[in-house]
Amino acid sequence: MTSADGLLVADLIGVAVFAASGAAAGVAKRFDLFGIAFVGFVAALGGGILRDLVIGAVPPLAFADWRYAVTAVLAAVAVFWLHPRLARWRRPVLLLDAAGLGLFTVTGTLKALDAGVPAVGACLIGMLTAIGGGLARDILTGEIPVVLQRDIYAVAALGGAILVTILRGLDVADPLTMGMSALLITGVRLVALYRRWSAPVAAP
Amino acid sequence: MTSADGLLVADLIGVAVFAASGAAAGVAKRFDLFGIAFVGFVAALGGGILRDLVIGAVPPLAFADWRYAVTAVLAAVAVFWLHPRLARWRRPVLLLDAAGLGLFTVTGTLKALDAGVPAVGACLIGMLTAIGGGLARDILTGEIPVVLQRDIYAVAALGGAILVTILRGLDVADPLTMGMSALLITGVRLVALYRRWSAPVAAP
Amino acid sequence: MTSADGLLVADLIGVAVFAASGAAAGVAKRFDLFGIAFVGFVAALGGGILRDLVIGAVPPLAFADWRYAVTAVLAAVAVFWLHPRLARWRRPVLLLDAAGLGLFTVTGTLKALDAGVPAVGACLIGMLTAIGGGLARDILTGEIPVVLQRDIYAVAALGGAILVTILRGLDVADPLTMGMSALLITGVRLVALYRRWSAPVAAP
């Protein structure tokens, strides 16, 4: 397995986890099988589609490489059948979601930098790659996006995107940049979950 | 009338019907005349705008050819004036909507294939062309998208998009491909309406 | 200060005002600091991002020039701290919002014309530049977009976009075109506020 293969496998695991989160939201809203697959697709690939549109990479990877859409739909269909057993998997799902957050942010930020987007914009695009799918999932299911309301989630992604941009500026090798930044994001997210950290809310 | 003219007329009929569905949703929410015209525009042209962004055809047809926007707005304004009589038109509207579903899916899939999008992506783009406007209409009016909840609608579109892609792969002439695929979609949609078919919902 | 500098300063004032409107909506929904900054960013820059995607200007200005994102986030954070005092500022905020509406419409229409979009499409893109951020703000906070429901707001923008397109067609100098059109939009908006004009609603 080359390192490109390794990245693809990691990417597809992130796609599957995010698709499962979308599918679970669709099950909770009593969507039909199509609706569940669709919300799974959007939750997994919506952030990447937005990233590719913004950096001018058309057609977006979600449409250019069939493995992304097929992975998302298979994961969503699996949730359709298995969802009564999902409650038991809460911990591994949160762990994989934190890993997906790290991975999507890092690849999103690097793709934006490679496309010539300046530093601040690339960090924003990296974060949007990771949170865009969840935002779209919540809007499609009639919920106010949870990422805007509480928890350290997007802020962990933004911190990692900034680290990617700094390391790239210091000419650190890409695999090291990706590994350190993804670990930072996933680690901060998991510690925030464990310690119940959250961002401040405005005084009433 | 050449065949390009025929296609344009068919396309504009689809635009008018989808705009009317958007306008009716706006009337139901007590939007003002601008809001009704806007939801009509988005319901009719939102799917095509998304398609054109994703395949890199900018500016999207909805902005490049004034006949699309003007048709959508005129249809929406007609609904604003005539809506008390619309209940009587339920059956022809459902028929035209099924025809629009078929037409938008087929042209969307072909445009994606012509832009070099691989098969799986082109089918998804074709389906999104047809359902994207209705999704946006429901989100703008504060509803959970009906296409995700019940009915055979998007699945009929997806089946037709797959048929388009297969026939294109077999080098069937475009007019025949378009006719057969649009008929399949419209037929499946109408039979599903008549027989009250719907997709499965997850076990509670 | 050159006229380009002047335009940039005016643009950033519009960004700050629209970001403040997004941030205030986030505060009202009890979003956390990240959510407030994010809704501020989207309210200020969502319309311009849509404009740039539609005319093929990638990456959009909101990602290409860091001053836009930083201005939006600073304005949103200021609202986070200062919001209890904002009620007192209602009149200047409505005035600046009307100025932002005029400015964003005019620059959006001109950019679309410069990108080769025909007249009708350019007017629609100009209007979408000005109202797109507010639409996204309302959807992110779970509200039906206020611009669709009442008030003369988008219609003022559309009128100004049409004036821009006519003056451009008559070869009027850009600064004069921009000044007259922005004044028209801002003036109509303020008179509509003062006189409580609103667009018609469909008969029940």
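For clarity, chains are labelled A, B and C in written order, and residue numbers in each chain start from 1.
Methods note: a contact is a pair of C-beta atoms (placed from the backbone, for glycine too) under 8 Å apart; a residue touches a chain by one contact, two chains touch by 3 or more.
Being a predicted model, the structure only gives us computed values, none of them experimental.
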Proportion of interface numbers common to subunit B and subunit C (over half same, under half different): different
Cα superposition angle of subunit A on its copy subunit C, in degrees to the nearest 5: 120
Subunit B and subunit C: spacing of chain centres that average the CA atoms, whole Å: 30
Overlap residues in subunit C, where contacts from two or more other chains coincide: 53, 139
Interfacial residue positions of subunit C with respect to subunit A in the complex: 26-27, 29-36, 38-39, 41, 49, 53, 58-60, 62-66, 69-70, 80-81, 83-84, 139-142
Residues of subunit B touching subunit A in the complex: 53-56, 112, 115-122, 124-125, 135, 139, 143-145, 147-151, 154-155, 198-203
